[in-house]
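Shown next, in structure tokens, is the structure this report addresses.
Naming follows writing order (A, B, C and D), and every chain is counted from residue 1.
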Amino acid sequence: MAKTWHEWEKPLLDLEEGIQKLRDLVPKAPPDKAAQLEKQIEEFEKKRDTFLRVKYGRLGPWERTLVARADNRPYTLDYVRAIVTDWVELHGDRRYGDDKAMIAGLGKIDGISCVIVGQQKGRDLKQRQFRNFGMAKPEGYRKAIRMFEMADRFGLPVISFIDTPAADPGVDSESRGISEAIAAGMSSLFGVGVPTIAVIIGEGGSGGAIGIGACNRVLMLENSIYSVIPPEGCAAILWREPTAGDKAASALKLTAQHALDLGLIDEIIPESFGGAHRNPAETAKNVEEAVVRHLRELMVYDRDTLRTDRYAKFRAMGVFTADEAFTL
Amino acid sequence: MAKTWHEWEKPLLDLEEGIQKLRDLVPKAPPDKAAQLEKQIEEFEKKRDTFLRVKYGRLGPWERTLVARADNRPYTLDYVRAIVTDWVELHGDRRYGDDKAMIAGLGKIDGISCVIVGQQKGRDLKQRQFRNFGMAKPEGYRKAIRMFEMADRFGLPVISFIDTPAADPGVDSESRGISEAIAAGMSSLFGVGVPTIAVIIGEGGSGGAIGIGACNRVLMLENSIYSVIPPEGCAAILWREPTAGDKAASALKLTAQHALDLGLIDEIIPESFGGAHRNPAETAKNVEEAVVRHLRELMVYDRDTLRTDRYAKFRAMGVFTADEAFTL
Amino acid sequence: MQVKSDAFLRCSKCRKVLFSKEFERNLRVCGSCGHHHRISADERIRITFDEGTFQELDRGLRSCDPLEFPDYREKLEKGAKATGRHDSVIRGTAMIEGRPVSAAVADFAFMGGSMGSVAGEKIARTIELAIERRIPAVIFTATGGARMQEGLLSLMQMAKTAAACRKASDEGVPFVCVFTDPTMAGVLASYASLADVILAEPGALVGFAGARVSAQAGVGRVPDNFQTSEYNFEHGMIDAVVQRKDLRSTLARVVDHLSANL
Amino acid sequence: MQVKSDAFLRCSKCRKVLFSKEFERNLRVCGSCGHHHRISADERIRITFDEGTFQELDRGLRSCDPLEFPDYREKLEKGAKATGRHDSVIRGTAMIEGRPVSAAVADFAFMGGSMGSVAGEKIARTIELAIERRIPAVIFTATGGARMQEGLLSLMQMAKTAAACRKASDEGVPFVCVFTDPTMAGVLASYASLADVILAEPGALVGFAGARVSAQAGVGRVPDNFQTSEYNFEHGMIDAVVQRKDLRSTLARVVDHLSANL
């Protein structure tokens, strides 16, 4: 079982690299040789597609975890670029700072002005540090809350893109009340009288995710994950083996399908063939279609109904039995 | 003209010290000598009272500034101790810290549960540093705002004791948005649907004061001051003479009487004979009487009326003429 | 603390030997160093509410291991044996110095006081009952956080309890929370931090992430009192750190003020 | 900047000599160092709103020196001569890329853009007109703060303008503020900081206290960019620092989004 994203993708990447090499030869080759190359390329591509179909056709919880975390997976700003027009990024919590791990702004989706928030990961090392690996600090959640309140004030829907391993657990986050910030994020989302839609596009990491995720509709990309704890953390606690992430991923049931089966999310958005990173544009189209459809459904409701709906939705979550006669 | 509080009070303090010395002699003296001493004391006391009456009878703006800043003047917690029962001090802005220059809590005044906030100065050097000389930082105003919101939520009146030279102007206050915090304090006070009463007990220093001062009723102790800028600051800017505070105090019209004449406050609360520091208990009684009277007046109004009243009150402040034909 | 004999025990903090009877009379606070030792939910109820006024509700709610998580059923059984309850949160109605409250108390001895579906449901019902009857909600936390054995369902309890708190807030119904040792992670990051007034016992562990994780993640120095009640107080997250012996009267006063117009 | 001749001038920031025509075409932004030089309120109106759409209101409002403050009347007259206006704030209605707004623009050349009764009144009326017509309010600040020559009356303008902002907020009417050089003290600590969206020009001085006062009061290091737009942006107080040439289009987009449901 692959332990890392690169281990998991390597055979595919090798194949794709080979195909690219052959393709580079075509223009330089004589006509008959070129035709032969084209045929070869076609064969390899078929092979790759079969490989992809097998590999991505029945991903297990751990493989999805790897895909959800892939460093070439589309991030929040990629979706913003793909589906949002008239984008204006807004910054700052008006309290302490501007958190680069949490983006926020105003933009139109299908012509509808919305407030958009979301965690942002970085693709290269420098960007990753700049974005704090997508781990927002208190000021990130407080920026989001400022946006939620603005959305409520001006009747704008909220679209929340979730992609975070966790909220930032560092000493400075603790000192400024990361717990309070997450709790307040949920509280704010339960208060707004506008449609709210969360889309989990990669990692839905615990409190860091739900802090901007308590929405009227919660959608998950096919290969995203949503979990109360990172599988490695769970493995470390339960079995003292942080490397048993695959085992924990299975136990935690952190896939979109599991979340849907448990009634905790509303819809799974399909990714492009072979994962969102293989065709970000196509995946973004799917995201846009789903978001707009849910948005149009929600926009007919009045403020109270939207609030009541949200309350009822989360109030019903939980599985237990009532056994009035207590016996040990 | 006295430049400092000690310079101003010295003749009085000398006299009072002398009286005390004579009084200490009485128990040890033979009966006839004692009677003589008593008579002497009585004379000195009469002298002191006359002196006090003259000195405190017609205080100018600068003298009031000195009295308002006196280091033995009663501070916010002194009034809390004197007139509040069932006091529970509450702390923290739930964002960053707990500001010791701004106290906050729950307590009863005349049996009515209230939210109480106020700047707190320190009496000795250590306390003064602990209280940051009564200069609140952003977290102080945000603590107050948390209290205003709590008051609004639970229908509790707000009593705000104002006693600050200014909001803290330091680099760290700036970095956390002291301006935003003050503005938000006013905004919060304009939003609450409960009776709000501000009492200026010492220095009503500019933005630092109005940040917790935009209330339905604004009362001022007889020798307190309320100003857009400290007189020394004004003198430094206008005449490049920070020592011309007395001149600036007159120009700024920062006394309670001026504020009342301009229609900017609702009432002047009398202090004990010779200033609040001479009889804090009596002064506290006067404060209590005034606060309770205004509170009972305001408590008959509903939420909307309280808000509308507050808006109208501050909306009307300002003196200008409309001269439609503009000519230079 | 360690039991030495029936009559004596040793404080786990300062290592001093204490008289058991005095220790109990002291509400399990060390007479020497002041350390507040953990107490059971039943003991908490006894020392907090007016005698005989606590009426338990939902005692029968129990987890049904919805994820079929490894070893979860065994842990639930162990917790039940340790506490005589089905889950980590006990809820009911009670009086505190004559004032009615909707109350919940967590027991750390049940799976580290963790919050799964049952705890989340009981907390939500505690708040909802407060709203319904227009009485304050009073909750004592003692928890390591969300219960990972219920996976995403546990995470959703954060949202569920936060929703209830928001509703109480919107309806002007007060919620007072008392943090006891420990109050961590998913509970701190949901309903616990949404209380109108937060009191905490001295020295309780209060934080978001495990201290090890925080230290690894952080660039700065880890302060000596990191993630204690006192640290959180300094940083503005807690209204007051209150000695166990004074909690009852402080709570009563707070509840009295906040419900003046209910 | 210093005028060298009619055709040239020198940038006060980088000391480079610039072509006057190019400098004006550049909206008074130095082509060499990018420094945004101050512009008059009339110029601001010209480059921000759709041509000919600005309709001034309350041009006749003027201060009557209520405190009889030393030298105040002379200063008012000097300001009037410098700007052709009675006070530091010009207000009216305008269109921005076809969208109607209630607008106000401060002129630093009138007594340092300070806010007395007239400025406060005009700001309040700007916000109130926005509420009445349900159109966004757009305000450009340029001010040293409250006008001390009107004493406590000036302080009360902070409350008055804040009250208007709160009302707009409660009624769902947007307010966008643009900080230009400088935006200080009593204005920053009232309506300016209460805007829904805050844009700022690069390098503007933005702060509460004079830098000297801050440095004296503080224990910490004063950062190099202290009290600039960029500093305030880093500290979360400003939504975006926008080049003068992009302000109009950015404003138009923000106004468009925020008034989508007005």
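Here is the rule we go by: a contact is a pair of C-beta atoms (placed from the backbone, for glycine too) under 8 Å apart; a residue touches a chain by one contact, two chains touch by 3 or more.
This one's a predicted model, so the numbers in the text were calculated from it and none came from an experiment.
Ranking all chains by how far their C-alpha centres lie from the centre of subunit B, first place goes to A.
Separating the CA-averaged centres of subunit B and subunit D is a span of 33 Å.
Taking each chain's centre as the average of its CA atoms, subunit A and subunit B sit 54 Å apart. Remark: subunit A and subunit D have CA centroids separated by 41 Å (rounded to whole angstrom). In subunit A, the positions touching at least two other chains are 94-96, 176-177, 180.
Looking at subunit C, residues 169, 193, 235-237 sit in touch with two or more other chains. Interchain contacts give a graph that is no line, ring or star and is not complete, per the touch definition above. Touching subunit C in their complex are the following residues of subunit B: 86, 88-98, 106-108, 112-113, 139, 143, 150, 153-156.
Subunit D meets subunit B in the complex at residues 58-64, 66-67, 69-71, 80-81, 84-86, 117-118, 120-121, 124, 146, 148, 150-160, 162-167, 169-170, 185-186, 188-194, 207-209, 213-215, 217-223, 226-227, 235-237. In the complex of the two chains, the subunit A residues touching subunit B come out as 94-96, 138, 142, 176-177, 180. In the complex of the two chains, the subunit D residues touching subunit A come out as 169, 172, 174, 193, 196-197, 233-240, 250, 253-254, 256-262.
Looking at the complex, you find that subunit B touches subunit D at residues 167-180, 182-184, 186-187, 190-191, 206-207, 209-211, 213-214, 226-229, 234, 237-238, 251-254, 258-259, 262, 264, 310-311, 314-315, 317-326, 328.
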